[in-house]
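Note that the chains take the letters A, B and C in the order they are written out, and that residue 1 is the start of every chain.
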Amino acid sequence: MPDVVLVVLDLLGIAVFAATGALVAVRKELDVFGAIVLGAITGLGGGVVRDLLIGAVPPAALVEWTYLVAPLVAAILVFVFHPTIGRMEKQIGVLDAVGVALFCVTGAVKALEFGLGVLPAALCGLLTAIGGGMMRDVLAGRVPVIFREELYATPAFAGALLAVAAVELDLGAWAYGVAAGVCLVWRLLALWRGWKAPLPPGIDRG
Amino acid sequence: MPDVVLVVLDLLGIAVFAATGALVAVRKELDVFGAIVLGAITGLGGGVVRDLLIGAVPPAALVEWTYLVAPLVAAILVFVFHPTIGRMEKQIGVLDAVGVALFCVTGAVKALEFGLGVLPAALCGLLTAIGGGMMRDVLAGRVPVIFREELYATPAFAGALLAVAAVELDLGAWAYGVAAGVCLVWRLLALWRGWKAPLPPGIDRG
Amino acid sequence: MPDVVLVVLDLLGIAVFAATGALVAVRKELDVFGAIVLGAITGLGGGVVRDLLIGAVPPAALVEWTYLVAPLVAAILVFVFHPTIGRMEKQIGVLDAVGVALFCVTGAVKALEFGLGVLPAALCGLLTAIGGGMMRDVLAGRVPVIFREELYATPAFAGALLAVAAVELDLGAWAYGVAAGVCLVWRLLALWRGWKAPLPPGIDRG
């Protein structure tokens, strides 16, 4: 994958996640700095954890100024336009799914580039995709959405596995698109149709 | 300590902790993926933090597939058999104590192997033993058990110190057993007899 | 900055933050080990995260015994004298502000010494200053104070930026004092005068 494409997709995912973090901050009635900090942590947290795990230190999020501007702009936009953005529940779900789809691919590809094996790289893709959202929810004092919602981790892991396969088989850029697309479509279908994973035996869904 | 023994003990500890994480997930009525993710984080979290701190990157938990299979199997078993397992409150307390005893030893020994000094290595043992459980509790939205319960951190730190002594004095494998045993017995006695650490002056135990 | 000054300031900041962590523990009626663990995490957490991010592994907090004694002593003092210390709400706010002012400077300077650029180093200073407190609050089950309070992150970031400028322009030790002083005074004024950051449009301050 050409590096510039990887970077643009990464920045897009960061901005999208940062927007979800800033929105949580606005709903908790935090001030503008709370929105920026929570937005930045949501947008960059997954990638920072991945970079620590693969030994890419200091993490890209800390070194490249573009990685800092993306969540800053996204958080401020959400802060200012939140009455409009807050009504767009559905669109935010779609954006979040786009972020997950982008991060599971870019996370897995970066881990491979740092010499990790196939399965570890796929796990890094998964962690990149879900890490920021988990930090957002823990900091905001709620159980992470990944534990409460429709299928979330599974599509991300599938996308990461496909991205790893695309690199290993040297399939070219279109295959990354397929990987992200599978993750995105699966997640959106789960969201719209309310697909649920199995609950423990003997427990009913409220 | 022969490496294979270290690995087997480590895997055992991971599976045990993962089971406690999955059980928390089941009680919070999370779905099967929630149980797997929370189980994996509980089982592997302490070791990953230790590996990051000692510079063992990428962490073993991410690279060795055996380290991934252990929590996966444990979490699924708990998920399926939870009505039975859920009644085994006492047995789970024992298993958790076994996990703590194993991790404080293996964590301290690994840190020494990576060149850390005596006290830092003992602290790494402590962190390995309590880290996963703290992540489990924070993610599940409750104050970490280590802050609420009978003696927990002290036995783990004692076990880690003894393990460090065993390595430094070149005492051989039996001494690791003693280290883990001291931690285990101490913790179990605290559990069964309700040993408590001192509360702040002027505060009564509810 | 002479290394010994940096270390003394760092230790002072650690002790102060550890005291705030131990005080939260006492108020939650945790026992003496809870106070020590929460104090140590609050005092050392920000620096450990910074060290991981800049590749200073193993972190200083784990290797230098002085870094361990400082929070231990502070936590035990708070535990024993909490009825007196607990009434000193105002003094604790001042101490916490001193800790923030010290950490944003030492954190930024250390990051520069490890080869980070200007903006990344300033961010490391910010993270050092706010990281431990965020961990304290998440572990204690409350939304981080940085999200709830008067201006907190902004003075820390300003102090970190000034510290970076002091190093880059080779201004000497007095400039570090100015950097910490600006952060401290700004934070104290925010605390005493109730300066607030803007809330989202359409939301009133309760």
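What we mean here is this: a residue touches a chain if its C-beta (ideal position, glycine included) is under 8 Å from a C-beta of that chain, and two chains touch if they have at least 3 such contacts.
Values in this document were obtained by computation on a predicted structure and should not be read as measured data.
Taking the definition of touch as given, a chain qualifies here only if it contacts subunit A and subunit B alike; those chains are C. Matching CA atoms, the turn from subunit A to subunit C amounts to 120°, rounded to the nearest 5. With centres taken as mean Cα positions, subunit C sits 29 Å from subunit B. In subunit C, the residues that reach two or more other chains under the touch definition are 52, 138, 141.
Here subunit A touches subunit B in the complex through residues 52-55, 116-117, 119-120, 123-124, 134, 138, 141-144, 146-148, 151-154, 196-203, 206, going by the rule given at the top. Of all residues in subunit C, those touching subunit B in their complex are 25-26, 28-35, 37-38, 48, 52, 57-59, 62-63, 65, 68, 79-80, 82-83, 138-141.
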